[in-house]
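Please go over the structures that come below.
Common to both upcoming complexes is chain A, partnered first by chain B, then by chain C.
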Partner chain A sequence: MTDIFPLLLLLPLLGCLFILFAKKNDNNSFHVVLFTLLSNLAVIVRLLTQINRDNNDLQSFHIAYSWLESKGIELVMDANLFSLLVLLGIYVAFIIAVVGLTPQQRKNKSQMLLGLYFVWNVTGLLCANDMVSFYIFFAGMLIPLFLLIGLYGNIKKNSTLYLFFAFNYAGILCLLTAMLFVYKYHQGNVELQDIALIKMPAGAAVVVWTSVCMAFISRIPIWPFHYWISSINSGLRSSLVYVMTNMLPLTGLYGFLRFWQITIPKGILPFVPVVEIFGIMTMLFIALIGLSHKDFLQKLFSYNTVYYLLFLLTTIMLPEAYIINIAYSLITFLIVNSSLTVLDLWAENACEENNCDYRGILAYMPRLAVIFAFFVLVAVGLPLSAMFWNNFVLISAFFRTSFTQGLLMMIAICIISTALLYELFIMRDATNKNPVIEIEDISDTKVAFLMAVIVFLFVSFFNPLWFAF
Partner chain B sequence: MLESIIYLSPLIVLLSSIFILMFSEHNEEEQYRCFKFSKIMMITAFVFTVIFYNKPLIAEVTSGNQYTLLFECLLYGGSLALLYLSRKWFASMGMSGYTFCGGIFVALLFGSLLIRSSNLLLSVVCCVFMMMGNYALLKGITIKKEFNSDRVYLFAMVFCILLLAMALLVLYQYTDSFDYTQIREVLSANTRNIWLFAAVAAMLTVLMFMLGLAPLHFWFTETLGGTVLPVFAYFIIVPICACWGGFIRFNTEAILPFSENLYLFYKTIALISITLGALGACSVQNVRKILAYGTVYHWGIVLLVMQSFSLNAVNTGVIYILVYLLAMYGICACLFGLKIKGEYLFMLGEFEGAAYKRPYISAMMTIFIFSLLGIPPFLGFFGVFSALSYLAEHDSFYQFGYIMLMLIVLSYAYVQIIKNLYFEKSKENFDRADSGIYTAVLINALLMIVIMLKPQYLLQDVYKMIESLFL
Partner chain C sequence: MIAYTTLLLFFIGIFSSIKVGVKVDKALSFLTFASLFLVFAGFCDAMSSPVSHTFSFVWNANPESTMKFDIISNHYNYWLIFPCFILTMLSSLNGLFFRYEERRSAYISVLIFNLIALIILITSNNFVQLLSALFVVDILSVFMIKNVDAYRRYMLLNILADIVLFTVLAVINCRVASLDIRQIVLYRNIGMHQDFVALAGLTAVFAKFGFFLFQIGVMDLKKIRFHRMMNVLFLSSPLASMILLLKFNALWRTSAYFTAYLDLVCILTLVWGFLGSICADNFKAKVIYWQMSFWALFVELLRFHGFIWFSGFTFLFLEMYVICMWLYLLYYFGRRRVSMRQIKSMPLINKKEIAYILLMIIATIAALANTLTILYNNMNRYYIWTFAALFMLSLSAVLNQLLLHRNTKIISNVNEMPVKYPVFAELMLLCAFLLQDWHYAEPSVWASAVVFALLCAFNPIAKMEFVYGIDTLQNKDIFGRIYHILIKSLRLCGRFFWLLIDRIFVEKFVLALLISAINNSLRFFRRLHKSRLGGGFVAIVSLIALLYYSYYQAGGKQ
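Let's turn to the complex of A and B:
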């Protein structure tokens, strides 16, 4: 059963090697990336089909590598239903982002190489089942992201870039602290689900869990750490880099999910209400900021933040049974997010090429308009995909737990949905007619590709795992 | 008799090389021959060193074991690599390489003696000659005269020689011998003697001066910031190996009874080094100075970890040194590959846009820099992991936290280098790099990959080698 599982980690690395020796300024690197992503997607689907759906335990594929015997460090990679579902969403999102690159961007070897290296790290992170390998992949993704943001982020201020690095680096060091403390008290590497069971002094437990929280919060734009991520997003004009940046909070969220699988550790229990309050306040705050922004990608960033916080609060506040709902929601969420990014960038490029106004652009691109509208409607939570059901389950559970909290979350989601719908209205508003008469719509190939994504999402409304079971 | 002479063969080879280089005609056209001769002699001496690693070079004042072999391998390996990298530099600058090769041979000769020394007098002599060799290199190979680094070094060297003389006199007064074992016995009987403490501190101060630890780092950072690239690489790689080898041996064999008295001394020096190294690196624009300050920071960590000089502490410290040396050697190789119109680069601004013109070298330099920051999956992570896990295991939580804090500060300086390499537009045309540079960088990278995949090679073998020091 585990025969093809190692391919998940090997293929991106092989792809990186191929790109390293590929020619400059041609599409070879692009083809390698696309091939690698599609191959790994096939591996994920194949693995999903091998999972027994009726079994309540999250069945898993398992490989181990004895890395440092003398120090008791064995790297354990383990993919279960949850991680495979999230990986599925990630890979489809990346494929959409790669397809959405402009012809010029596709020839950019460094972007392709760093993008694939990032994918390798994300894959490793989602498959890591022990503390050391989790740390290695968690920290490893900072390098490609930092380089890509520096190269393509159009960041004017030196301090913004450094702050991005420093925040993430501090987060990495926090996780290293937690890892070393766990290592000290366990005398060796430990599997993630066993961390909460390790006996350690109360003070050490506080250090470990505070460090873990700080490490993951450094990646989630929760107040007061929200600034760095929003500041680097503003100048991004590459769909791949934008999707990568928005994948960063996912790693923080996934960290919480893996470390708090069973119950919230005692060491951190008194701080949980604070995180809840900050989480909900940030949701409202970011949703309002999203409403006030004029750039669609900024609104999309706010939308992402609101939803990531919803998933984070689900992890903290709701029972373990709801975790699988997060996974189902995440698949659609990641795909929709990536698709909207690509579509908006295509629209912006059309505006730039034709020197026309962004307002009303969709009126001249009917095919893009239909697809764009579908994804916005899915994003705002209409019953068009599996996200509707799963968000419904999550939010109703919040209402049951605490009516006030549920209400505040619902308000935040409504505000950010309004922001997206208003942007759709702006883009379709043809009252201010552009001077140009004809703008080239998206190509047939792109339409076919996006229609396939739409069908995938729509069928998932009836059966979320129709492609596997 | 014949046996003793055979055991002396590494020293004879090195000494004869120095004399041949001194008295040969310093002709620019003979560059190639000079480097080829040095390489052959160095490899010969290295082979003899490895063969006779456990035989005494000079009976009763030296002794060899696996520990000395480890540091001698580092010393010779670093020197050979430096020779390989520097040959093209001297050719392109049209300068004579005789002084440089001679300097390396002096460092090798006295460095290997320092590592093997079990006698204080011999150690002091080695230190003095190594400092004189360093001075000769600083004085002999310069291009710009913006900073009187050689003069500063000369004054500091004279001061160090005075300290060494004082240490020798005081210790001899009490022990009637220069042998490490005798000194150890006397020290264990007089752990509260203030004069003995002063003498030991004086000896250690000189060794720490040679290592460039703060607050005696001024010569190290200033000299490295202003000197030519081969001399910079020499100071970063070659004498360091010998000094750490001698320093660890002196601490474990001669003054171990004093280790409790020296805790505070070492801790203070280490914390000052960490602070000044990290802050200093952020305050300068000269890339070589940044790397030099970074070195001060890293040596601070090594000293902090090794302060008890137990087997585990030394093992952790040595692993950190090895990891650092590999990364630093890679960075030096990259610096040799980056030049504009024949000029090698100093300032941050000169590195702008290098990634667009020399993508492979810039990428490797970035990897080595990230490695120094301890970010996985690069080898530097292993060094940071070893050092910090050692501190955590020994409940040194404040030191643990402080290292982390300063690492974030230091990251600013390293990120500046990467920023200039990648995120700035290229204004200049970078010269074509020699294929030898690519080979050196590639070998270094492969070595790092192998060790990262199978760290057992590094851990187990190094541990066994260090263990021989405690038997």
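Let's turn to the complex of A and C:
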């Protein structure tokens, strides 16, 4: 069963090695990244076909490696249905982001290398089953991200960049603190599901769990921590870097999913309602900001935040049974997010090249317009993908828990949906269309690729795991 | 069996959507219509069968719940599908005779797919199937409208209504824990927030109908071609929302506010529709206003009959469609001018045809009155007749203006428009079908026809033509403005929050505080390292405090 599981972690590293020796200013590194991502996607699909979905077998693939035996550190990796599903979404999102790069960006070796290294870290994080390896990958993914944002982030204020780095470092330090405490009381590395079983004083437990929560919250754009991520996002014009930045909240969310589901000590339980209130208020607040922004990518960031917070609150407030619904929703969410980023960047590039107005740009590019509209409608949550049905289940469960909270969430979703639809109609507005200007629509290859993504999403509406037969 | 009909329709739709040349397109559209007619004949034959069938398959097995796709064939569903089918057929048939589509077969295929979506909506038994079908109807309306400017607000409102319905169904599902629509009876007994469910659900339905407060979407349809506008008004979201009302009324009626809210909106819609149909200069806008009033009347009649559909409603629906078709022909002979002032300035050349249309409108009005007489049942007849009287009054005023108060001095030398005899024949047959119960007609029905004819000749409201010249009245989009202000205030709110919280509070206060704290700490430690007496003293005190703390932490032993 586990024979191909190690490939999941090895292939991105091999890809990085290949890129290191690739020529500069060539498409070789781009091809290596694409090949690696596709190969790993095939591995994920293969693993999904082997998994037992009926009983939601959470320990299907497992490998362990003794690193420092004298210190009791054994690295344990495993993949369950949830992590494989999220990985599937991540890989498809990255493939879309890579395909969406401009010809110049594709030749950028460092961007390709760092991008693939980031993917390796995310893969590792989602497969890590012990505290040390979880920490390594959790911290490790920041290196390529910092470098890429520093190089291609187009950040106008240095203070924003420094604060982004400082803030994320603080998150890592929090997790490190928690890890050291755990190490002290357990006298060695520990598997994530066993952390709750470690006997430690009540005060220490509160420190551990508060640190863990702070580490993950630092990644999720919950108020007032959303500010840094949104500031960084506004300057990004590379689809790959944008998608990478948007994966950052996913790692925080995943952290919560792994830790929160185990058990929460009583010491921090009083803070849970605070997180819930802040989460819902941020959803409303960000949704309103999204409506007020004029840039589509800013709106998309607001949309991402609203949905990440929805998933976070699902993790905190709802029973573990809903974890699989989050996974199915996340697949669509990640793919749609990446696709919309790429499509918007294509539209913006077309505007810049042809010196035309962004308003009504889709009127010049009918094929792009249709595909764009499809993804916006999926994002809004209409019955076109697995997200619709799974969101329905999640929202229903929220209403069961608290009607007011569920209603506020739906209001936030409604506002952000209006923002996206409004922007779509602005982009399709043909009132000021200049008949003289002719803009080349997206190529047949790109259309074919995106149509494949659309089919993938649409069929998932009927059966979310249709590809794993 | 309805499932079999749906499958056949699906194949016809696929066949019709094949992209072909202009000449082949004509043949293809004829062939499509012929196939559609045959399927309709089979459907009518199956309608008489008393046996119920259920076609069902599991389309998504989930640990939470199993989703089924159901097509239930029973007498009730047949009668509900019947008017949708017949209207789709008539629209397809008219498409063959009027050269208003570049690709007729493609347009017919959109109508067929719309019909399939309506069938799935009508026969649905679970929330997911219902919402999916509803969404397909919305999307197909985009293809029917085919004008970005016209469908922008229409779609926005419809999608938001879909999201509201999604919320309502999620609330129901959270209590009932079932996706089965038939289980909503349980919610009625155990459910909480019934007022919210009723009011939100009704608001979504009103938005989809295009009722008062939500009419901006449907009003934009005046920018598209007449036949497309008619198809959207009769076969798209308004019809879908009526089906929703039929499915969920049992649930919503449990709220004490249901009747009041429904009545209020219907009356306001009727009044607004009446005023609009009198004041609007745009002929298409007038038709939209009449249609608004008609749907309001229809909903009220449904309420009086406990939201149970029967043949009377089918007749009423068809009668309104026929009236709109006659109005379309009037518009056609007015050379497709949309402004009332422009139509009036055209010479009346097709006199015979126009006289014939007028007669047929009177006949259809008589049929409408006859159906209303059947439908009024035991309820307050004055209430219904007020609705009908306002409709007759505004329609006759417009006919009066078009036919009697003419000003043809501006344009002359205009040729006759080609007469579409097959369309006339088709509408005549339909009128004959609608008048089949004529021998049961009461004197009031006869009186209605006579009064309408008289109103067409002498109508005091017809003299209010001056309103067509008031630009403020014609161009001012009050509700559009209100929505614009609403969105703008929300955007301003977002901007305000962004400035107040992000910029001022987080950036200028929290961050500044953080940076200042870091700088001060650095300065403090730097000063500690300098050879000053104060620095040395602080360092020694800190060290002693640390030692003291460590000593007691270790239990005072080390």
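Keep in mind that, in the parts below, the second predicted complex is superposed on the first by the 461 of 469 C-alpha atoms of A that agree within 3 Å, B and C clash if a C-alpha of one lies under 4 Å from a C-alpha of the other, contacts with A are read in each partner's own complex, and residues count from 1 in each chain.
In this text, a residue touches a chain if its C-beta (ideal position, glycine included) is under 8 Å from a C-beta of that chain, and two chains touch if they have at least 3 such contacts.
The structure presented is a predicted model; accordingly, all values stated were derived computationally and were not measured.
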item: Superposition on chain A - do chain B and chain C clash or fit; value: fit
item: Touching partner for A:Val45 - first (chain B), second (chain C), both, neither; value: neither
item: Inter-centroid angle chain B-chain A-chain C after superposition on A [Cα, multiple of 10°]; value: 160
item: Contacts of A:Leu180 with chain B and chain C, given as first, second, both or neither; value: first
item: First (chain B), second (chain C), both or neither touched by A:Leu163; value: second
item: Partner chain in contact with A:Lys71 - chain B first, chain C second, else both or neither; value: first
item: Touching partner for A:Leu14 - first (chain B), second (chain C), both, neither; value: neither
item: Residues of chain A touched, compared between chain B and chain C (which is higher); value: C
item: First, second, both or neither for A:Leu291, with chain B first and chain C second; value: second
item: Shortest CA-CA distance in Å separating chain B from chain C in the superposed model; value: 5
item: Chain B residues within the chain A interface of the complex; value: 359, 366, 370, 373, 375-377, 381, 384-385, 388-389, 392-393, 400, 404, 407-408, 411-412, 415, 418-419, 422-423, 455-456, 459-460, 463
item: Contacting residues of chain A [partner chain B, same complex]; value: 67-71, 110, 135-136, 139-140, 142-143, 147, 150-151, 158, 161-162, 165-166, 169-170, 172-173, 176-177, 180-181, 183-184
item: Of chain A, residues touching chain C in the complex; value: 56, 159, 163, 223-224, 227, 230, 285, 287-293, 321, 324-325, 363, 377, 380-384, 388-389, 392-393, 395-400, 403, 406-407, 410, 413-415, 417-418, 421-422, 425, 428-431, 462-464
item: Chain C residues touching chain A - in the complex, by the definition given at the top; value: 59-60, 62-65, 67, 127-128, 131-132, 135, 139, 148-149, 152, 155-156, 159-160, 162-164, 166-167, 169-171, 173-175, 192-193, 196, 487, 490-495, 497-498, 501-502, 505-507, 510-511, 515
